[in-house]
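Here the structure comes first, spelled out in structure tokens, and everything after it is commentary.
We call the chains A, B, C, D and E, going by the order they appear; numbering starts again at 1 in every chain.
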Amino acid sequence: QDKLSVMLDWFVNPDHAPLVVAQEKGFFKDAGLEVMLTAPADPNDPPKLVAAGGTDLAVSYQPQLILQVAEGLPLVRVGTLVSTPLNSVVVLRDGPVKTLKDLKGRKIGFSIAGFEDALLGAMLEKHGLSLKDVELVNVNFSLSPSLLSGQVDAVVGAFRNFELNQLEIEKHPGRAFYPEEEGVPPYDELILVAHKAKANDPRVKRFLAAVERATLYILNHPEESQAAFVKGRPELNDELNRRAWADTLPRFSHSPAALDAERYSRFAEFLKARGLIKEVAPVDRYAVVVK
Amino acid sequence: MRALLRGLVTLAVLIAGWQALVWATGLPRYLLPGPLAVADAMQRQAPLLWSHGLTTLTEILIGLVAGVALGGVSALLLARFRAARRWLMPLLLVSQAIPVFALAPLLVLWLGYGMASKIAMAVLVIYFPVTTALFDGLRRTDPGWLDLARTMGASPAAILWNIRLPAALPAFWSGVRVAAAVAPIGAVIGEWVGSSSGLGYLMLHANARMQIDLLFAAVLVLGLFAVTLYAAVDAVARRALPWQPDTQPAEDANP
Amino acid sequence: MRALLRGLVTLAVLIAGWQALVWATGLPRYLLPGPLAVADAMQRQAPLLWSHGLTTLTEILIGLVAGVALGGVSALLLARFRAARRWLMPLLLVSQAIPVFALAPLLVLWLGYGMASKIAMAVLVIYFPVTTALFDGLRRTDPGWLDLARTMGASPAAILWNIRLPAALPAFWSGVRVAAAVAPIGAVIGEWVGSSSGLGYLMLHANARMQIDLLFAAVLVLGLFAVTLYAAVDAVARRALPWQPDTQPAEDANP
Amino acid sequence: MLAAMTAPMPATPPLSVTVSRARLTYGGTLLFSDLTLDLPAGRTTCLLGPSGVGKTTLLRILAGLAEPEPPTCVTTGDGQPLAGRIAYMAQQDLLLPWLTILDNVLLGDRLRHRRPDSGRVERARALLDRVGLAGRERDRPAALSGGQRQRVALARTLMEDKPLVLMDEPFSALDAITRLRLQETAAETLAGRTVLMVTHDPLEALRIGDHLHVMTGRPAVMGPALEPSGPVPRRVDDPGLLALQAELLRRLAE
Amino acid sequence: MLAAMTAPMPATPPLSVTVSRARLTYGGTLLFSDLTLDLPAGRTTCLLGPSGVGKTTLLRILAGLAEPEPPTCVTTGDGQPLAGRIAYMAQQDLLLPWLTILDNVLLGDRLRHRRPDSGRVERARALLDRVGLAGRERDRPAALSGGQRQRVALARTLMEDKPLVLMDEPFSALDAITRLRLQETAAETLAGRTVLMVTHDPLEALRIGDHLHVMTGRPAVMGPALEPSGPVPRRVDDPGLLALQAELLRRLAE
């Protein structure tokens, strides 16, 4: 049994289903791995810890990876967990905002992730607005409450599988605007990153195989996997998580180890155009298919 | 017995006030749940609260002991050595101004994900009030006693130990009282540093999932820790300072 | 002049120590940047740091004044009215144990995303050390003075105002010193909760973008605030208590 | 000068006070029981006794500062309670270090929410002058010698216009000459008031006391009053007084 | 009993000390300048003077606690510095409230890192017995009367085996009888040591002093020594002493 430490991007939630199910169902063990999953409180920490050798793998996000690599962190993407964007701009459905155009002059809450201005800027420009036409407020942990309480008119950084359900449960259904439909190139929301030097670590290959197996298992046996997911985590067994589970299922990458290099370079070009990075590095510097 | 009864009445009034606030402001459940909802969550999730609470309590207690010890030693060093005053003091001040997330990866890297990093954060929070309180106390010794000790040929260390320290103990305990009240939040902040158990973890978790009733249930447990700890420290302080009269007048006017 | 020089030397040694730490641990730039990198970031981003720093400084100063005032008044109420001791004290303790993010949505709801909510956070952080320190001081008056005042026919209010309060001022200033050191982090916590400017905002931003040198530059500015504020409060305290001798011996052994 | 200083006659007629059947135990030790002391109206009573016998405790009972046990009973000539009609000078000077000397003398006024008017300030200054501290009004107590501190405490006590004055060794830290002068000052200022003074100096008691009691033993008993004749302050070289001094010393030594 | 109490003869020969040309100003006021005082080896010198003249200040200069100005000079008979060879009893009792009475008496040993052995503890108990506090060893200072506190401070000073003993009004809070007894105790215990005692009581000075100085005026001057004859403690009804007392009072009144 080889040990492997994996740091999640945030507390355990349905986005991590393949990892948790693989753990609970013993797929990792079958692959000869003893995996330790830990959760940080700050999603920015795991990549740093991977880079510093504090953990073997981390769950992170494609846009952040590009920013981090530009800042010199020795990271590479080795796998994909969720292969569509989850991020979205959310407003209340019965609120005044019907289209992105209506955001003019309004307050938009965000939880600082580092690239929301790029994302929002692109979405607004498609509708003839710019970042100057809105007021951005950091609301940190309180995306839904700030929207529900009318403190802000829209939030960016809300996950379509999560915050939308949250709002619906609170009887104030939301309306999502999807970045990939509003001028932002599609990207992988959740990816697995490793230290550059460890990209070809044989454990990683086995790990990815186990994740792939778990993903397919979830697709085939949604009920059993749900049960495995909440086993020992009673706090995850509530209405919201059940709904999020259902909405997340179709978004898991069916072949976690596969890489669409073209998609990565397209997004990097986008970030460069938005001024977040100075130059576009070749994709093979920061995203690999594990051999 | 009467103290217990009074405590219960206090509690009842606080809860009633809380319920009144909920009614008066008409705040929705996901912003401020009422006491009933929280009580329900508490009861439903009792085992969860219990197991996470135990983790946090352990961290709090270890953090408190370590923080008070470290703070006490620091204050003594500051009082004893000019060099410490010059080099340690600014460091100590800056340490108070560093936000967690700047330190979190470092702590995790050095101390791992276990309890050590959480205790370290708790210690960091507790450390300063204790150090300042004791150091300020050590700086305020009756000059007459110091003169007496000097004529008796006492070394600075002996004076510190036998005169300045006992004389500063009331101030020290005042600092420990503050420490006891902030220790719970110290441990919770520590749990932000990457953890998979503890009330801080539970809270972040509940918050992220809008299980606000569970969040408040955890807050309540934490508040209980703070009150109990404070009361315990207060009792110990009174016992430790029999020569220091509490001159708070017992009789009282009505407000 | 010599104090300034000494301060500069202190600073130089601290920076050298920091650089040594970086070298010794071999930590990469994105975990712990060296002083040079941070100085560079500071210089490059000076206007940014300046404008965000100004916001935070304003919050800190208003928070400090309001927190100290509120803490002072609370302690006086606690000392004066038994009812306050019964009802206010537990509330006060629990308030210390409630993590920010449980309160944040409420605070933001009531106070908006402007400065008010950050000042409220700073006040919340400052409030308790000041209250406890002053209240503890008020409970430790020389019984002889109280007896004297009683024979003079003084009302409890007059005793509190003329005897107990002045006698508790050294303890009060000790609490204010703690408050000055923790006020910056109070304001930063407020900025995490919701903001669009301030050093806390800048830090979150820099952290998310992995501009760790900028993050540490902001931490440094914050540390500078803490040190300056502490020194200022210390100076004011000395001036405010001319009758309270600082008996810290000037001469000192070498460690 | 003297005219300004002679105390305004107390607004109320002189007050007689009696503490009777006083009983007090400290942690199991019976300090006294069934102790009775009469303070005749408008006269000065001096209390002597060995150190630790309970003089201060008795004074504190009168001042309402100690909790005596039943059947202790403090009665006044006019039947009104004593609270608020006492000036008390304790054995320690109890100066407030943050107030100037003048403000320390005016403390009573401050504590009773009365802004001292210029007349009161004038009186305080005059009293400070009488106790030999003119020109030190703005100093802090820390700058005074032990005897000077005691004199400030004396001035503060004399500032209080109260019918009953309790003084615990008010001159103990003063040299012989200053002591004689201040005995006179006190006697003048307090004329017409009921005074109880604890002292260790038999001659002092004989000089300014009308009734002298010696308290001895454990549990303590109160000796019968000695009453030197003649107006106070008496001359100490009077042979009658010297005889009384011998008697006092004999009682003390019992 | 007496045998146990008589102090072990000081290990070192008696020490003479001289403070010469002493000068000190407090905030612009010249307290004294060119003041000289001789403390003959093994004798008791008494210092009298009006309150506030500077007696305590002079004691503090000798004890190394005050910073005199040049050309002040303190010289000893053996040429060694005084530091560490002094026992100092201040005007306030300075008992530590958190220590028991016995521990207060043993404070010097504690402060010098010497664990008091049973001999020292025995001596402390015997001293407490001599000052009339037997049985109170385990009490805290807060439970003592003013005079009892002063007696503990005296016992603490007598515990220190030092060649130079400085005492500032050591008996001021004691009644006449206790005072006489303790004067004898002190005189016995301190026999052979160099003692400087400040007192306000001329008779006390005459009873146990070998050299009596009166310090008066501002700036203060030191009067010439009066030297009563006969071994201490002297009987106070000696007519020669009474004449000297009159002389002392005359000098004080100057």
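Couple of notes before you dig in:
Just so we're on the same page, a contact is a pair of C-beta atoms (placed from the backbone, for glycine too) under 8 Å apart; a residue touches a chain by one contact, two chains touch by 3 or more.
Values in this document were obtained by computation on a predicted structure and should not be read as measured data.
The set of chains touching subunit D and also touching subunit E is empty. Among the remaining chains, those touching subunit C and also subunit E are B, D. Looking at contacts between chains, the pair that accounts for the most C-beta pairs is B-C.
Between subunit A and subunit B the centroid-to-centroid distance comes to 37 Å (mean Cα coordinates, whole Å). Subunit A and subunit D have Cα centroids lying 84 Å from one another. Note on chain placement: the centre of subunit B and the centre of subunit C lie 16 Å apart, centres being C-alpha means.
In subunit B, the residues touching two or more other chains are 31, 101, 105, 109, 142, 204, 207, 244-245. Multi-chain contact residues of subunit A, defined as those touching 2 or more other chains: 42, 44, 48, 52, 141, 145, 149.
Shared interface positions of subunit E, defined as residues touching 2 or more other chains, are 92.
Chains touching one another, given as pairs, are A-B, A-C, B-C, B-E, C-D, D-E. Residues 27-31, 101, 104-105, 108-109, 112-113, 191-196, 201, 204-205, 207-211 of subunit C are the ones touching subunit A in the complex. By the touch criterion stated above, subunit B contacts subunit C in their complex at residues 6, 10-11, 13-14, 27, 31-32, 79-84, 86-87, 90-91, 93-94, 96-99, 101-102, 105-106, 109, 128-129, 132-133, 136-143, 146, 156, 170-171, 173-174, 177-178, 181-182, 184-185, 188-189, 200, 203-204, 207, 215-216, 219, 222-223, 225-227, 230, 244-249, 252-255. Listed in rising order, the residues of subunit E touching subunit D in the complex are 26-27, 48-52, 56, 91-92, 132, 143-148, 151, 168-169, 172-179, 200-202, 249, 252-253.
By the touch criterion stated above, subunit A contacts subunit B in their complex at residues 7, 10-11, 13, 38-42, 44-45, 48-49, 52, 54, 141, 144-145, 148-149, 166, 169-170, 234-235, 238, 240-241. Listing the residues of subunit D that touch subunit C in their complex gives 60, 63-65, 83-84, 86-88, 90, 92, 94, 96-98, 107-108, 110-113, 140, 142, 160.
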